[in-house]
Amino acid sequence: MPYIKIEVTREGITREQKNELIKGATDLMVRVLHKDPAATFVVIEEVDTDNWGWGGESITDIRARQR
Amino acid sequence: MPYIKIEVTREGITREQKNELIKGATDLMVRVLHKDPAATFVVIEEVDTDNWGWGGESITDIRARQR
Amino acid sequence: MPYIKIEVTREGITREQKNELIKGATDLMVRVLHKDPAATFVVIEEVDTDNWGWGGESITDIRARQR
Amino acid sequence: MPYIKIEVTREGITREQKNELIKGATDLMVRVLHKDPAATFVVIEEVDTDNWGWGGESITDIRARQR
Amino acid sequence: MPYIKIEVTREGITREQKNELIKGATDLMVRVLHKDPAATFVVIEEVDTDNWGWGGESITDIRARQR
Amino acid sequence: MPYIKIEVTREGITREQKNELIKGATDLMVRVLHKDPAATFVVIEEVDTDNWGWGGESITDIRARQR
């Protein structure tokens, strides 16, 4: 019965990448914990860069400085 | 002081249904745990079907196959 | 595919009450959203009263004052 | 390694306020727990007022009555 | 900056398995999203079987019936 | 109606520090968002160092190497 929540910044993740995340996280539960895939939920939460802070500043500001 | 988070796929939940979920979850806390409704939060998180995985594939793909 | 997280203070919830919470939250998803119970997870998280704050103080302190 | 999630209703929070929340929550971890800011994540989740319940009704309904 | 929360029932997960979950989830973020491992948190939450419901009953009850 | 979840490793946080976290997070909501303290929940989740991964390894392993 695993539930996996993946929180990442919303920066252009494609549907193919989401499918890979879902498949990879589910496979991890099967391989390591021998869980049933049919009892495994994966939820991806995309967070605006304004709403994610790291080191005391937003990812928006960090990205602006990296350019 | 309960906090209840309800995560469901975003598939056309109406405002009336949301109100029923809020009322029902709050009543459950009152009935079973004798909690004060004024100290009960309910948060509904609607998740895109691309972002919810079950059995290793997205709900988008599952729904497409069900049609 | 609902996932419901119920967070409450750890203050002597019995196994019977937990079963009622699980049954009640699952029934709510079936009744309001027509979800399949077999695709509904309910997770109860019990939180120490030292670790739950309300109005700027811990539930431990609030309970001590209520006595 | 703290992770802080701030959930609030989506009611016009500005980018300046978000920056203050990120800075304030990070500073709190440094001041109280001596954590490294570079190892501190802050995530702000804005929730529609239809999706937040308090006292058994949505914030949308509470706000409508307050007017 | 990914944050991954893995919620599973507390049923004897070893430290080696936890290390595999941490490594596997981090590698997934690197491989699919090209994230920096140094900016990836993985948190494993073990939940008592009394506190996890599936299909309207607790995992404790489901396990008892499976024996 | 803010809800703030603070997740940190379980490494000897005192009750005094918890009280400071609760007070500090609540004050932040009041100062920045003008929220009512009586409508603000703060929940502190302490996570075993075996269960928190950073950079692909557990905090337990990172701490052992730092000694």
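Order of writing sets the chain letters: A, B, C, D, E and F. Residues in each chain are counted from 1.
Going forward, contacts are C-beta pairs under 8 Å (C-beta built on N, C-alpha and C of every residue); 3 or more make two chains touch, one makes a residue touch a chain.
Protein identities per chain, from UniProt: A, B, C, D, E, F = Tautomerase.
Here the structure is a predicted model, which is why all the values come from computation and not from measurement.
Interface comparison, B-F against B-C: more C-beta pairs in contact at B-C. The chain with its CA mean position farthest from that of chain B (Tautomerase) is F. Comparing each option in C-E, D-F or D-E with C-F by residue number, the pair that reproduces over half of the contacts is C-E.
Rounded to a whole number, the gap between the C-alpha centres of chain B (Tautomerase) and chain D (Tautomerase) is 20 angstrom. If each chain is reduced to the centroid of its CA atoms, chain A (Tautomerase) and chain C (Tautomerase) end up 26 Å from each other. Shown for chain D (Tautomerase) are the residues that touch two or more other chains, namely 1, 3, 7, 21, 25, 41, 43, 52, 54. Taken chain by chain, the contacts fit none of the simple shapes, being neither an open path, a ring, a star, nor a full set of pairwise contacts. All chain pairs that touch, listed by label, are A-B, A-C, A-D, A-E, B-C, B-D, B-F, C-E, C-F, D-E, D-F, E-F.
Only residues 7, 47, 50-58, 60-61 of chain E (Tautomerase) touch chain C (Tautomerase) when the two sit together in their complex.
In the complex of the two chains, the chain B (Tautomerase) residues touching chain D (Tautomerase) come out as 15, 18-19, 21-23, 25-27, 37-38, 40-46.
Those residues of chain B (Tautomerase) whose C-beta lies close enough to touch chain C (Tautomerase) in the complex are 1-9, 13, 17, 20-21, 24-25, 28-29, 31-33, 35, 39, 52, 54, 59.
Listed in rising order, the residues of chain D (Tautomerase) touching chain E (Tautomerase) in the complex are 1, 3, 41, 43.
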